[in-house]
Each structure stands twice: as structure tokens, then as C-alpha cells.
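The following pair of complexes shares a single chain, chain A, combined with chain B in the former and chain C in the latter.
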Partner chain A sequence: MEVMLSIIICFMIIAAIVAIHARDLLSAIIAQGFVGYGLVICFLILKAPDLAIVQIVVETITLIIMVAVVLDSSRLELNVSFDRRKGGTTAVTFIFIIVLLVYFNRAISGLSKFGEHTLRMSEAYVTDAASQTGSLNLVTGILWDFRGYDTLGEATVLFTAAIGVLTILRLTGKK
Partner chain B sequence: MQGMSVIVKKIAQLMSGLIFVYGVYIITHGHLTPGGGFAGGALVAGAFILLILANGSEYIKLKRQEEGSSVVESTAVLLVLVLATTGLVAGSLVFFNNFLPTGIPGRLISAGVIPLYNIFIGMEVAAALITIFLALVIYKEEISK
Partner chain C sequence: MTLFILCFLLFLVGIHGVLTRRNLIKVVISLTVMEFSIFLMLALIGYISGAEAPILGSEMVSGAPVVDPLPQAMVLTAIVIALATNAMLLTIAIRLYKKYGTFDIRRINELKG
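After this line comes the complex of A and B, so read on.
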């Protein structure tokens, strides 16, 4: 399982780098879709079908919207002039990468092994959620009963996004 | 936005109903099988987006649609809040209280208020995604005139 996950995540990282550096915007979007669908397979391997369903639908809709935008405007990336002093920025980048790796290594050395984390709070959820909420799907039971505030926040985020899009795009239409 | 060819239009008409019914199934069985309000709502929105993309923007009266989906979205969020506040009033003073009887786990009508939350949040997600898509389409129509 970990080998499969590592292979998929490596492909996702490569696709993300391709998406940044592609000159053609359509291929950048397709590489970015590779990242999203790879995440779907990761969720399926980690036994999270709820997240996989949401991710695959949202990824498809996002890809459709972005492909429509790119086909409507230009397919080539604009020429962005980079900073000429490349040596200094590269050195600073490598120093930051080394510092971050050192602290990341120190941070994860205290964690338990992959897949064998200590269950304290979640154990009570797993054993009691079905009998307390009456919902066989434990994820939905936890989302709408124990963690109602979190789910309300997520709904508010989507609501705010829709209101923001309407505010920016529809000002001329509502005169 | 131009419509596509006859083949694409026909396939979109045949498929969008199935996608819509599958989305409604995911929403209403959210407390039994994987999925729930968010996944089902996104599927329902996908059915409408498929129809709009295949048939072009002259197919439906776009401006009225956008106003309707915006109203549905706001109403669904309001209904979720009202339901949560009802839990505060009925029973022991807890926000998001599950005040209805939970019933037998495994039946379609069980788990108290969780199916109602799922239905309302499914309405909200579907209407929000359709609203965002329609706002982009209408904006493009207006600036291309």
C-alpha cells in the first residue's frame, strides 16, 4: 500500500512541476488534472470513498471550467520577465530547502509508524457513532452530529464563494 | 456560448437525467452509504452543467436560472441554520442537537435529522456550483455582445 502511494505521489509531484513550467496552458491544465485524479486514487487506496466521490466530481467540474476559459482566451503563457540575478535566488532557495528538511526530519521523528497512530478520540467515535446517531455511515454521522460546526463552516465557505463570484461578475448585469 | 453537434446534444440529454438521479440517490442515502450532501450536490450540479455545455446558452433562459439558483442556495443555508437552532430549542440546549428519534440503523428513514441536513446541504452545494458556472457563462455572453 505504501509503495503504491509513494509511486502515485511521485507522479503527482512530477505533474505539478510540469503544470508550473508548461508553455501551453492546456497541457498545464491537463497536468493539474493528473494531480487531482491521482489524489482520488490515493483516497481510494486509503479507504476513504466519501472523499473520493467529492474529489472526482469537483475535479471534473473544475477542469471543465478551466478548459473552457483557456479555449476562450489565449493558449500560450504570457512572457513573464524573470529576475536576472539567478545565482542569489537559487542559493537562498537551497538554503531554505535544507533548513526545512532538517526541521521536518526532527518533527516527524517523534511520530508513530504510518497507519499505526494512537487512537484516543477517534476510537470513541468509531465504537459509539453508529449507536448514538443512528447513522450507519460513520462519516456522515460524525459530520452532522459531533462536528456540526465544522460542516456549517464548510457550507459557509461555498456560500461565500458563490456570493463573491456574483459580486464580481454580475455587477454590470444588475444595473 | 455555441451548442455542440447533434450527437453530443442527444447523449447529454440521455445522460444528464441518469446523473441527476444518481446525485439524488447519493444525497438521500447519505447516512447509509458513502457520500452525502456535498458529493450528491456536486453530482446534481454536474448534470445541469453538462446540459448547458452541450446545448449552448440559448437553450435555457439564462438570467432567470441564475436568479433562481441563487435564491435556492441562500434558502438552503438558511434552512440548515433554522434546523440547527431548532435543535437548540428542542431537547437539551445543544446546537446541532439530533432531536428526532434515531430509529433502526440501516433503514432509509432513520438517524434523526441527519438526512434532512444532507438534503439541505445537497441543495446548497448544487445551487452554489450552478450559480458560479452560470455567472461565468452570462458574464462571457455580456462582454461578447
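After this line comes the complex of A and C, so read on.
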């Protein structure tokens, strides 16, 4: 169980590194798709079928949009060898990683170990969802009933993004 | 514990890409990898070993507990919002390409007008 998950996450890390260092943008996008579909398998192993369904749809749409963008422009990765600020960027990256490590250490000490999570807040959801919302799927019950305003906000964000995409694509820029 | 650390490594790969790449598409890909690592982290936190998926029915018969449905609901919202932001980012990237003829953020910085 843990071993299987670890192997899949290791593959995802390798695919992410390949995606970042690929010379061709199309192969970078395919490698990113590997990360996304690996995440789907992780969700299935972690007993989250709803997440797996949504992730597979979203990943496919993202891949299609990215391939469309890349085929409409250039596929070549830039020449990064002549970067003047390369030393500065590496230093900033190292500082970021060290700061994040410190915070990760702090956060991880407050968590319970993997697989030993105890229900605190969602105890009420688990016991009452079926009788109060009539939904046997607890995730759907939470999303559409207990936290309906959250879903409304999500729909607003989606709508705004769609409007934004249409507006940006229609604009005629200053020449 | 190893799983949390691996998840954090995935996040670090993403942040390395965001900070060091000079290609807009690569930056978007790295941001997506960071998002994926955070979704995975939340799903890992909500997992209970030996539990069933949060769909009532057969579990009531077997008596096994269900995994925490609350992180899953939150991650579901986050995945959809990530799709929206990704589409927006890619649209801006393609507009910049149409205007400047390159995805290189250094050259986009230099070109004015």
C-alpha cells in the first residue's frame, strides 16, 4: 500500500523533472500529463473515486489546451545557456527551498502519521449526511449541501475565468 | 512519513521549475506540478488505513470506517479552480507570444510598447 504509493510518487517526481528539462515543449507537456495521470492512480489507491474522476477529466482538458497552445506557437525550448542572472536565480532557489524545508518540518510535526487520521470535524458529516441530505455519496453531500456556498464560489471562479479567456482572446493589442 | 516527504519533493521540483525556467509554458507546467503535489498532500492527510471510500452502503454492512470526506470535497473544488487558472495563464501566454513572437520572459521584459 505505502510501497505502491511511494513508487508512483517517485515516477511522478521523475516525470516532473523530465517535463521541466525537456528540449521540446510537446514532450514536456506529455511528461506533465504523466504526472497528472499518476495523480489519478494515487487518488484511486487513496480511496477517493470522485477526485479520480474529476482529475482525469481536468487533466485531459488541460493537455488539450496546452497542446493547442504549443502547436499554435513554437515547440522549441529556449537556449538557457546564456543567462546573465543564472547565479542569482540559483541562490534564490536555494533560499526558497531551505525556508520551505523549515516550515515543512514544523507543519509535519503537527500531523498524525499516514493512515492514522482521526475524524474530528467530519464526524458529523459522516453520521448525518445520509439522513440530512439524502446523498449516499458523502463528498457530493458535503459539496452540494453542507458547503453549497463554496461550490457557488467555485462556479463563479469558473465563469469569471471563461469570460476572461474569451475577452483576452478577442482583444486586438496595440501594434 | 516517507509519503509526505516524497510529496514535498514533488513540490520542490515544481518550485525549482518556476524559479529557474525562462519559458512561459514551462512555468505553467511547473505551477501545475506544484498544484498536483498539494492535492496529493491533502488526499494523503485524509486517508485512514483499512477504511473504505466515502460512499455509504456496503461499508455499513462490512462495518469498516470511511476515509475523511472533507479534504476530498475541498480538493475537488481546488482541482476545478486549478483548471480555470491554468486556462487563463495559457491564454495570457499565447497572447504574449502573438505580440512578441517568443515565450522567453527575459526578451518580453526587454521589449517595450
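The definition used in the following text is that the second predicted complex is superposed on the first by the 145 of 175 C-alpha atoms of A that agree within 3 Å, B and C clash if a C-alpha of one lies under 4 Å from a C-alpha of the other, contacts with A are read in each partner's own complex, and residues count from 1 in each chain.
Following the convention adopted for this analysis, contacts are C-beta pairs under 8 Å (C-beta built on N, C-alpha and C of every residue); 3 or more make two chains touch, one makes a residue touch a chain.
None of these values were measured; they are calculated from a predicted model.
K.L.:
When the two structures are superposed on chain A, do chain B and chain C clash or fit side by side?
P.N.:
They fit: once the shared chain is superposed, the two partners occupy separate space.
K.L.:
Contacts for A:V67 in the overlay, against chain B (first) and chain C (second): which applies, first, second, both or neither?
P.N.:
Neither partner.
K.L.:
If we overlay the two complexes on their shared chain A, which of chain B and chain C does A:T93 touch? Say first, second, both or neither.
P.N.:
In the superposition, A:T93 touches chain C alone.
K.L.:
May I ask you to decide whether A:I30 touches chain B, chain C, both, or neither, giving the answer as first, second, both or neither?
P.N.:
neither
K.L.:
Name the contact category of A:P49: first (chain B only), second (chain C only), both, or neither.
P.N.:
Both partners, chain B and chain C.
K.L.:
Applying the document's definition of touch, where does A:R170 land relative to chain B and chain C: first, second, both, or neither?
P.N.:
first
K.L.:
So, A:Y149: does it touch chain B (first), chain C (second), both, or neither?
P.N.:
first
K.L.:
When the two structures are overlaid on chain A, which partner does A:I41 contact: first (chain B), second (chain C), both, or neither?
P.N.:
neither
K.L.:
Can you tell me whether chain B or chain C touches more residues on chain A?
P.N.:
For chain A, the partner with the higher number of touched residues is C.
K.L.:
Between chain B and chain C, whom does A:V126 touch in the aligned arrangement: first, second, both, or neither?
P.N.:
Second partner only.
K.L.:
Taking the superposition as given, does A:V18 touch the first partner, chain B, the second, chain C, both, or neither?
P.N.:
A:V18 contacts neither chain B nor chain C.
K.L.:
To be precise, I mean the smallest distance between any C-alpha of chain B and any C-alpha of chain C in the superposed model; what is it in Å?
P.N.:
Comparing every C-alpha of chain B with every C-alpha of chain C, the smallest gap is 8 Å.
K.L.:
Go through chain A and flag every residue that touches chain B in one model and chain C in the other.
P.N.:
Shared contact residues on chain A (touching chain B in one complex, chain C in the other): 49-50, 54, 58, 61, 65, 69, 72, 130, 136-137, 139, 141, 143, 151, 154, 158, 161-162, 165, 169, 173.
K.L.:
Touching residues of chain A toward chain B in the complex: what are they?
P.N.:
49-50, 53-54, 57-58, 60-61, 64-65, 68-69, 72, 130-131, 133-137, 139-141, 143-145, 148-149, 151-152, 154-156, 158-159, 161-162, 165-166, 169-170, 172-173
K.L.:
Which positions of chain B touch chain A when the two form their complex?
P.N.:
26, 30-36, 38-39, 42-43, 45-46, 49, 53, 63, 66, 70, 73-74, 77, 80-81, 84, 95-96, 98, 102-106, 110-114, 117-118, 121, 124-125, 127-129, 131-133, 135-136, 138-140, 142
K.L.:
How about chain C: which of its residues touch chain A in the complex?
P.N.:
So the residues of chain C in touch with chain A come to 1-4, 6-17, 19-23, 25-26, 28-30, 32-33, 36, 39-40, 43-57, 65-70, 72-73, 75-77, 79-88, 90-95, 97-99, 102-104, 106, 113.
K.L.:
Which residues of chain A touch chain C in the complex?
P.N.:
Going by the criterion above, the answer is residues 1-2, 5-6, 9-10, 12-13, 16-17, 19-20, 25, 28-29, 32, 35-36, 39, 42-43, 46-51, 54-55, 58, 61-62, 65-66, 69-70, 72-74, 77-78, 80, 83, 89-90, 92-93, 96-97, 100, 104, 108, 111, 113-117, 119, 121-122, 125-126, 129-130, 136-139, 141-143, 147, 150-151, 154, 157-158, 160-162, 164-165, 168-169, 171, 173-174.
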